[in-house]
Amino acid sequence: MAGAAETRLVSRDTSRANAVAAVAVGLAALLFVLALTALFEVVTISDPIGGVPVVALLGGVLLLLGGAVVVFGVGSYLGIVETQPSESAGLVAAAAFSVVWVVIGGSVAAQVLGLGGIGSAVAALLVGGAAFAITAVPREDIGSTVPAGAVSLLTGAAYLTGAIGPAWVWNLNFEQQASLTAEFVIPVGTLFCALLTGWAAAKAYGGFGARGRRMGAYLLIYLNAGSIVGVLFLLLAFTTFKGLPGLFTGAEVGPGVGPAVFGVSLPVSLPFVMNGVALLNDFQGVLPAIAGTIWLVIGAVLFAVPLGVGAAIFLTEYAERGRFTQVVEVATNGLWSTPSIVFGLFGFAFLVPRFGGNKSLISGMLTLGFMLLPLVLITSREAMLAVPDEYRDASAALGVSKWQTIRSVVVPAALPGVVTGVILGVGRIAGETAPILLTMTGGTFVPGGQTADVIGGFEFVSSPPFVANPELLQATTALPFQLYALITAGVGLGDTVSSPEQFQWATAFVLLLVVLSFYAIGIGARYYFRRRLNYE
Amino acid sequence: MSETTQMSSETEDTVETTTETADAVETTTGETDELVREEWREYSFAGPTKLGVEDLDVYYGDDHALDGVSMEIPEKSVTALIGPSGCGKSTFLRCLNRMNDRVSSARIDGSVTLDGEEIYQDGVNLVELRKRVGMVFQSPNPFPKSIRENVAYGPEKHGDINTGLLARLLGRSDEEAREELVERCLRDAALWDEVHDRLDDNALGLSGGQQQRLCIARCLSVDPEVILMDEPASALDPIATAKIEDLIDDLSQEYTVVIVTHNMQQAARISDQTAVFLTGGELVEYGDTDQVFENPRSERVEDYITGKFG
Amino acid sequence: MIGTRMLAARNALTRRWRRLSGFVSDQESAAVATVGVMTVALVSALVGFLLVSPLTVVPFAVFIVAAGYGWLSYQGLTARMLTLSMTVSTILILLLITLFIFVEAIPVFVYESATVFGVTVPGLRMFIQPNWDAVSPPIRYSMVPMIHGTVMVTTIATAVAAPLGVSAALFLSEIAPSTVREIVKPGVEILAGIPSIVYGFIGFTILGPWAADQFRTTGQGSYLFVGIIVGLMALPTVVSVAEDALSSVPESMKSGSLAMGTTDWQTMTSITIPAAFSGVSAAVLLGVGRAIGETMAATVMLRGVPQLTKPLYNAFYGQATLTSLIANNYGEADGLQMDALFAAGVILFITVLVISIGSQYIEWRMRRKLGGEN
Amino acid sequence: SSGDGGDSSGGDDSGGSSSSLLTAEGSSTVYPISNKGSSYWNANAPPSDGEYWGSNDESTVPGWDELDTDQNLADYFAGLYGFEPTNQRSDPPYPTTVSLSHSGTGCKAVRDGLVDIGNSSGPITAELGISEEEASEQYVDHVVGRDGQPVVVSSDIYDAGVTQLTGEQIRAIYQDEITNWSEVGGPDQEIFVIGRAEGSGTDTAFRLNMLGDAEASMSGVDSRFGQNQQVAEAVSNNDGAIAYMALAFTSDTVQPIAIDFDGTVYEPDKDAENTIFDSAYPLNRDLHMYTLITEDTPSGTDMREGAFLNMFLTTFGQQVFVEQNNYIPLPTKDIEAESGKLPDQA
Amino acid sequence: MSETTQMSSETEDTVETTTETADAVETTTGETDELVREEWREYSFAGPTKLGVEDLDVYYGDDHALDGVSMEIPEKSVTALIGPSGCGKSTFLRCLNRMNDRVSSARIDGSVTLDGEEIYQDGVNLVELRKRVGMVFQSPNPFPKSIRENVAYGPEKHGDINTGLLARLLGRSDEEAREELVERCLRDAALWDEVHDRLDDNALGLSGGQQQRLCIARCLSVDPEVILMDEPASALDPIATAKIEDLIDDLSQEYTVVIVTHNMQQAARISDQTAVFLTGGELVEYGDTDQVFENPRSERVEDYITGKFG
C-alpha cells in the first residue's frame, strides 16, 4: 500500500498545501469561464484587459496553474505534503493522457517542426508513449499531476511567447479548405487545459488515493451537469431576450383595446399572437400558426389517446403475457424511435391521397397522431403495470368482474401516469416540423381571416361521406412550420413589419413558449400527482 | 368468464398425479411422521363442514408449492394456518376462493368444496364464489378512494346499490341504503368510531391498522360466508393487532374464518383449530389448537413450535 | 423432430380454438352477434379507407352504433372487443408504415440495380457508387453521400451525447442532492422539449456563420456543428434512459460496497456502472437512434448538396443527411426521385428499428441479469 | 382551369362566380408578385385608403386614372368578372392564398389539380419535362412580369473589385473549373458557390440560359437552398459567395454584378445602355402563372382566376406588384396579348 | 467529505433536545418501566467498551425512529438486538457505521463512539470508519461479479492488493496475496469447501445461504474490528441458518459482533448480551442474554418475549 501512513479516523486540520490545491481549483474554474467568454467572443483575444493582452493573460495563468499542479505533485512525492496516493494513476488516466499527448506531439511535429506525415506520426507515438509511461509507472501523485501540468505549461508558454498569437492560423490543407484559427484554438486550448489542471488540482486537494479520485471525478461531473443547465438556460434566455421585442410590438393594455372574444373586448392587445399577416394590419402576427398548432395537437390527441389507452388496457389486462405482447412491445418501441420524417413520408404516401390528394390539416393531425400513439401506448402500459396487483386482487376478491375492476380501479389509478405521458408527448409533437412539412403545411404568411376554424367548418352533404369539413381538408400553417418558412423565405411579411429579424425571433420564442408550457404542465402534473398519491 | 374454462381440463386428472409426487417427497420425512399424519387426518369436529379440501396439489411452474393437502374446515370457527415462510400457507388460502387462478404460472390439482359443492369444476361462477368467500390480505390494500367508496365498492359493482350519476339523475339513487351499509360494515369492523366523521377522506390516509380494518369492512360489505385472512396483522403494531384479534373473535360468531399467521402465540390465542404446514407444502399436523400447541403429534411440528427453526 | 413440433403446434392451436369456442359459447348469443357486427363493420371500414372509398363512413357509422349498443348492454365484452381492436389498429399502423414506405421505394431499387458476379442485386448501385445527380444525365440516386453525412453527424452527436449524458445521468441518480436533482432533472427534460427547428434556427442564423468564420471554410454548413447540436438534442434521451438504468441497480448492492469502506465514486465505477452497463449502452443506442432521425436542424443548417466531403473526415463541411435529403427535396421531387426519397426513408427506418430492437434486447438482458438469472 | 384543390368539399367551382378560396403555389421568384397581389386582394381596401387603394391628396395610386372607381379594391377587380362586391374591408368577394415553394412544385400542383394557379419562373416544359404542344394543350401560360435574373456576389467580393464577370467565367465557376476568386481578378479566396434547389425555376432558367441546357451539370455548387430568400441570407452571411437569384432579392449586402456576354456588358443598373433589366439580357426570363385546362373550363381560366390575374395586367398591377418588387414590368403590347388569354369581362 | 459537514451542527446540541423528547414519550410507559430503565442503564460488563452510544435520536422527516438510546457494547462479544418490526433495530445498527447518512431524510442527534472516538463529528473519514465497522445486510447482496472478485473487492479498492491490468503490465500484481486473502476469508466464513473449485463463477449463482456467507467473507476481507449484522439469517433455510449461527460464534473470538434478529430463540442461542427495542424506538431493556430472557425487568419486554404482541 502506497499510503503507508496509518489513516486516522478523524482528520480535521486543513493544511496549507490543501489550501494551495483549493486555490488552484478555483483558478482553473476562473480560467474555464474566461475561455468560454473568449470562445463566444464576449472578449476578443487580441484586445487587452487592464493593459495585458488577453492571450498573454491566459498564457500567464496557464503557466501558473501548470506550475502549481506540478509542484504539488512533486511535493507529495517527496513527502513534503501529506497525501495518500495510490501506486499508480491508473489505466484510464494513462490512456487519456497519452491521447492528449499524441495530439500535441503530432501537431507540434507537423506544424512547428514541419515533419511529414510519417515523421509526425512517429513523433506523436513517441510523445504519447512517454506520457503513458509517466502517468502509469510512477506513483499517483506524479502520474496525475506532471502530464496535466506539462500540457498547461506548454500551452501557456506558447501563448506567452507568441508562438500561438492572435494571428495564428493553421491551414489543414483539406481539399475543401478549412483552417484552425487562433480565435478558436486559443480559447479551446485554454478550456482544455483548465479542465486537465482543474482535475489534477482537485485530486491533489483530496490527497490523491480514493478520496482524491473522487474529488477529481466529482469536479468534472458537477461541471458537466452545470454546463447542461447552463446551456439550457442560455438557450432559453437568449431566445427570450431576442424574442420579447417582437412579441410585444404594438402591444397595448387598456380596457377594450383587444380583439373581441364572445362579444367582450379583451383588455390586452398583443398583435403578434392575435393577428395574422395582412396588408392592412398595423402589426403582423402568427395567430393562424398558433391556431394551426392547437388544432394539430387536439386532432393528434383525439386520435392517439383513445387508441393508445385502449390498446394498453388490452395488453396489460386481457392479453396473456407472452409472445404476442412482446412483439407489440417491440413494435411500439420501434415506432417510437422511428424518425419523424419517416412518419412524414408515410403520411405523404398514405394519408394525403386519402384526403383529397393535397396537404390538409387532417393529414397533419393523423400523422402526428401516429407519432404520438406509441408514446401513449408505452406510458399507459407502464402506468397500468405500475398499478399494484393488490388493487386488482382486492377487487377480484370482492367478486367484481374484470372490466368493472379495470374501469373503477386500474384506470383511475393509472390516470396520473397516462396524463403525464400524454402531455409530455404532446409537447414533443407540437414542436415537430418534418412530418407536417410533408403532409399539412400550405400558406406561409396567412391572414388572420384564414385561421383554421374546425368547429365551424363541419357541414352535412348529400353524397358520401355525408359529413364534410373543408377546414380539415385544407392546408394550413403551424408554428414550427412558420419558423421554418421564416428561415427559408423571410419574404412576404409585407411592408408593415419593420424588423423581419424581430419577427423571426418572436416566432421562435412563441413556439418555444407553447411547447415548453406543455412540458411545464406535464412536469407539474407529475409532481402534483406524485405528491397526491404519496399520502403523507 | 375466461378463468373458468382455463381450469376445466386440469381438474379431472387430479387423482393420479398427486399420489406419485407425494411419494417422492415423503421419503425425506421420518417414519413416525408418516404415522402421525394418518392420525390427524381423522381429526373430527362437531358441527357441519364448511370447506372441504381433498388432495390439493399446487405447482408454480415446476415448483411444488402444496403437496397433497386434505383437510376439512368447520363452520363458524377460526382456523389458523401456521408454518415457516414459503411453506405454502398463502397458496393454500388462495386456493379456497380460486384467487390462485390469477397467477398464470400456477397449476392446481385436487378438489375443494364449499358447502359440499366442488369449486374446481366447469361453470363455476367465480364472481359468486368470491362473494361468498371473502378475503383480507397480508398488507392492507384499500383502493385509493374515499373511505365510503371503499366500503361500498363491492355492493355498487354488484349492482346491489346504485349511486352513480345516472342513478341520481333518474332518482333511483340508493344513497340511504349505502349509508346504512357503510355504517354497519364499519361498525362490524370496529372502525366506525374512528372514521365516522371523515368518511370522504382518502382511505390511504388512514393508519396501517385502520386500513386493515377498513379492508375487513370492505370484505364484510358483500356479506360473505367465509373470510380468508392472510397474515392480517403482520404489518400492524401491537394495539392494532389486539383490535384485529378481538374482531376476529367476534366475526367467528357469524362467519367461518380461516387465518394465516406467522405468530404462533397469535394462533394459539385466537383459533379454534390449527393446521401446521412445513416446508415443501405439506400439511403436517391439524387439530384442536390446544392439542397442537401443547401436545403435537409430530416431532417436526414440535421443533417448529419450540423455535428450533423457522 | 419436426413432426413432434408440428404436433405440439397443432395441439396449441386446438387448445386455443377450444378456449375461444368455449369463451364464445359462454356468452349470450346477442352479445356475440353485436361483437360480430362490430368486427365486420370495422374491417369493412378499414378496407374502404385503404381503397380510398367515399363510402368508408357507412361501415364506420355501423361500427359506432354497434359499439354504442354493446357498451350499454354488454359492457365487459364490448370493452374487451374495443380494446382488442385498438391493439390491432396499432399493430396495423406499424405494418402500414412499413409497407407503404417500402412499396414506394421499390422502383428506385429496381432502377439502381447492379450486377455482381452475374447476379442482379436491386438497389446495389445506390450503395456502391458515390454520385447523386437528379438533374443531369446520367441520373443517379446514390445514397452514399447521405449515408456518409448521417454517419458523420451521428458519430459527432454520439461523441457529445454519450459521455455528457452518462455523466449527467450518474450525477442525477447517484450524486446530486435531492434539491439539485429536482432542478436539474426537469431541466434536462425541458432540453428535450426544445423543438428541433428552434435549434436549427439558431444554428443557421448564428452558429453557422460564426463557424464558417472561425474555421475559414468556404461558406457555412458543417457536420461538426450539426453533430454538436444534434448531440445536444439526443442528450436528454441518453440521460433519462441511463438514469433509469443506473437507479435500477439495487440499493443493496451500492450499500454493500459503501459498507466496505469504499468511496461513492469507487462504488459507482466498480459496482453501479458495471451492473447497469447494458442499460447505459441501451441509452446510448437510443441516443444514436434519435441522432440518426433528427431532421430539421440538419435540413436548415446543412448545404443540401448530396456529395461526399473531401477528405471524407472533413467535418468542417456538411453536405446532406438522409433526413435532410427528404426534407429538402420532397417538394419538387417527382417520379423516381420521389422514390429515392422513400428509399432514404427505408434506410432510416430499418436502421433505427434495428437500433431500437437492439437496445430493447440489451435492456431485457440486463433486467434478467439483475434479477439473478445468468 | 381550377382543380379541386383547396375546396375538395365538393363546392361548386365550375361556375365563375363561386366564392371559394383561390389557391396559388410555387415559385419563390413569382411569390413576391403574387403574394403582394394576394395581400392587396385580401385587404380589399376601400377607395378612401390612399395608401393601398384609391386616390387622395397625399398619395396617388399608380395608374389610378385607368381605374378611377369608388369600389373597394377586390370588389372592383372581382366585379369586372361578375362577382358581387362585399364593400367590406378585409373581406374580398373570395379570398386568395399563395403558398411558397418553387416552380417545380407549383407546376406539379397545377398539373395534379391541387391548386388553381401554379407559379413558375421557368417554363413549364422544362419543369415538367413536357413538349411545347403538350404544354399548350393542357395549360394556359399567363406571364405577369419579367425577371432579369442577376448573378450576385457577397459584399466583400464586390468591395474587392469583382463587379463584373464574363458569362464564360460564371459558367466555369458553376462547373467547377474556377474555384478561387483570384482566378477572376478577386482576392485569393475560395469561391462559395451557391445554387438554388434543383427543380426551382431559377435553377432551371439558369441552367438553360447560362449553361445552355436545362439538364446541364453544375458540379461546382457548394450549397443549395430552397428559396431565394435563403440564398440572399447565405450570401450576406458568408464571405466569398456567388449566387444566382431573382431581382427582388438583391440588396446592399447582396450585390448584383455586371455580366459580359460576348463583349456586351449588361449592367445591374436600369439606366445603363445595356442593362440586366432589358429583355435582351440573356438571363432575362418570364414569370409565369399557369392555369390548367379542364373539361369544366376549356378556356383554361375561370372567372375567379381571370379576375385575379387581370389585376396584375393593369398599369396599377404592373407598377405596384411588379416594378415595386424590382422586377421588370411587361411592355404594353405584351399586356394586351396576356389580357387576351383571360375570359371576357362581365 | 460532504456527508461529514452535514452532521456538524446537530452534534453539539444533542443533550438538550433529547431529554425533552424522551420525557414526552415516556408518559405512555408505566411507572415500573421507568425504574427498570434506570436499572439496566447500569448494566456493566468486564472488559473494554468497543462502541458507546449516548442519547441517540433518529428522525425520518417527522418520524421519530430512535428515541434517546444509550448503551455500551463490549469488545469481542455478540450483542443481539431484538424487538418488533419497525422498532428501529436496523436504524440503530446503521447509525453505528453511519450508513444512515445515505438516507437523505434521516436526521441524527446524539453521540456514538468507537474506541472512545466520536464518529459523529467534523472530519470523520467515513471510508476509514466503515473499514473498521463492517456490515452484513438482511438479504445477501453479493456484487454481480465472480466469487473471487467479491471477496477481494474491498482490499483492492483500498489499494492493499493490486491486480488490475496496469499492475499486471507493470509486473506489480499481487495475485498471490489475493489468493491467500480469498482463501482465508472464505475459510473463516465457512464457505471455502463449498466454492473453492469455482471461484470464478458469478456470485449470484450461489444459493441464498452461500451468498450470505460470501457477504460475511467479503466483510472479513477488510479486517474490520466490529461486524454489524442485520437479520443475516432471515432469508435462509434452517440448515444455512445453523451454519451462520456457528460462524457468528466463531467470529466473536476476534470481532465485536452486533446482530439484529427477529428470532428470539436465535438471539438466546448466540448472543452474550441482548438489547430489546420496542415500538417507538426505545431501548427498553439491555443486559446479559440469559437474564433478559429468563428474568426481564420490564413487563413490556416480558409481554413481548412471551409473544403477547409483535
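Details
Residue numbering begins at 1 within each chain, and the chains themselves are lettered A, B, C, D and E in the order written.
We take it that contacts are C-beta pairs under 8 Å (C-beta built on N, C-alpha and C of every residue); 3 or more make two chains touch, one makes a residue touch a chain.
Composition by chain, UniProt nomenclature: A = Phosphate transport system permease protein PstA; B, E = Phosphate ABC transporter ATP-binding protein; C = Phosphate transport system permease protein.
Here the structure is a predicted model, which is why all the values come from computation and not from measurement.
Separation of chain C from chain D in touch steps, taking the shortest path, is 1. Compared with chain B, the chain whose C-alpha mean position is the greatest distance off is D. The angle of the rotation carrying chain B onto chain E, fitted on C-alpha atoms and rounded to the nearest 5, is 175°.
Chain centres here are Cα averages; for chain A and chain D they lie 41 Å apart.
The mean-CA centres of chain D and chain E are about 85 angstrom from one another, to the nearest whole unit.
Chain B and chain E, compared by their mean Cα positions, are separated by 37 Å.
Separating the CA-averaged centres of chain C and chain E is a span of 49 Å. Touching of two or more other chains is recorded for residues 177, 210-211, 401-402, 404, 463, 487-488 of chain A. Along chain D, residues 190, 225-226 each make contact with two or more other chains.
Of all residues in chain E, those touching 2 or more other chains are 127-129, 132, 157-158, listed in ascending order. On the chain A side of its complex with chain C, the touching residues are 169, 171-172, 174-181, 183-184, 210-211, 213-214, 217-218, 220-222, 224-225, 227-229, 231-232, 235-236, 238-239, 306-308, 310-311, 313-315, 317-319, 328-346, 348-350, 353-354, 370, 373-374, 377, 401-404, 406-407, 424, 427-428, 430-434, 437-438, 463-467, 480, 483-484, 487-488, 504, 508, 511-512, 515-516, 518-520, 523.
By the touch rule above, chain C contacts chain D in their complex via residues 133-137, 205, 208-209, 212-213, 218-221, 303-305, 328-329, 331-334.
By the touch criterion given at the top, residues 177, 277-280, 356-358, 442-447, 449-450, 459, 461, 463, 468-470, 473-475, 485, 487-492, 494 of chain A touch chain D in their complex.
Residues 177-178, 250, 252-253, 255-263, 266, 270-271, 274-275, 369-370, 372, 374 of chain C are the ones touching chain E in the complex.
By the touch rule above, chain A contacts chain E in their complex via residues 1-3, 7-12, 86-88, 90-91, 94, 136-137, 209-211.
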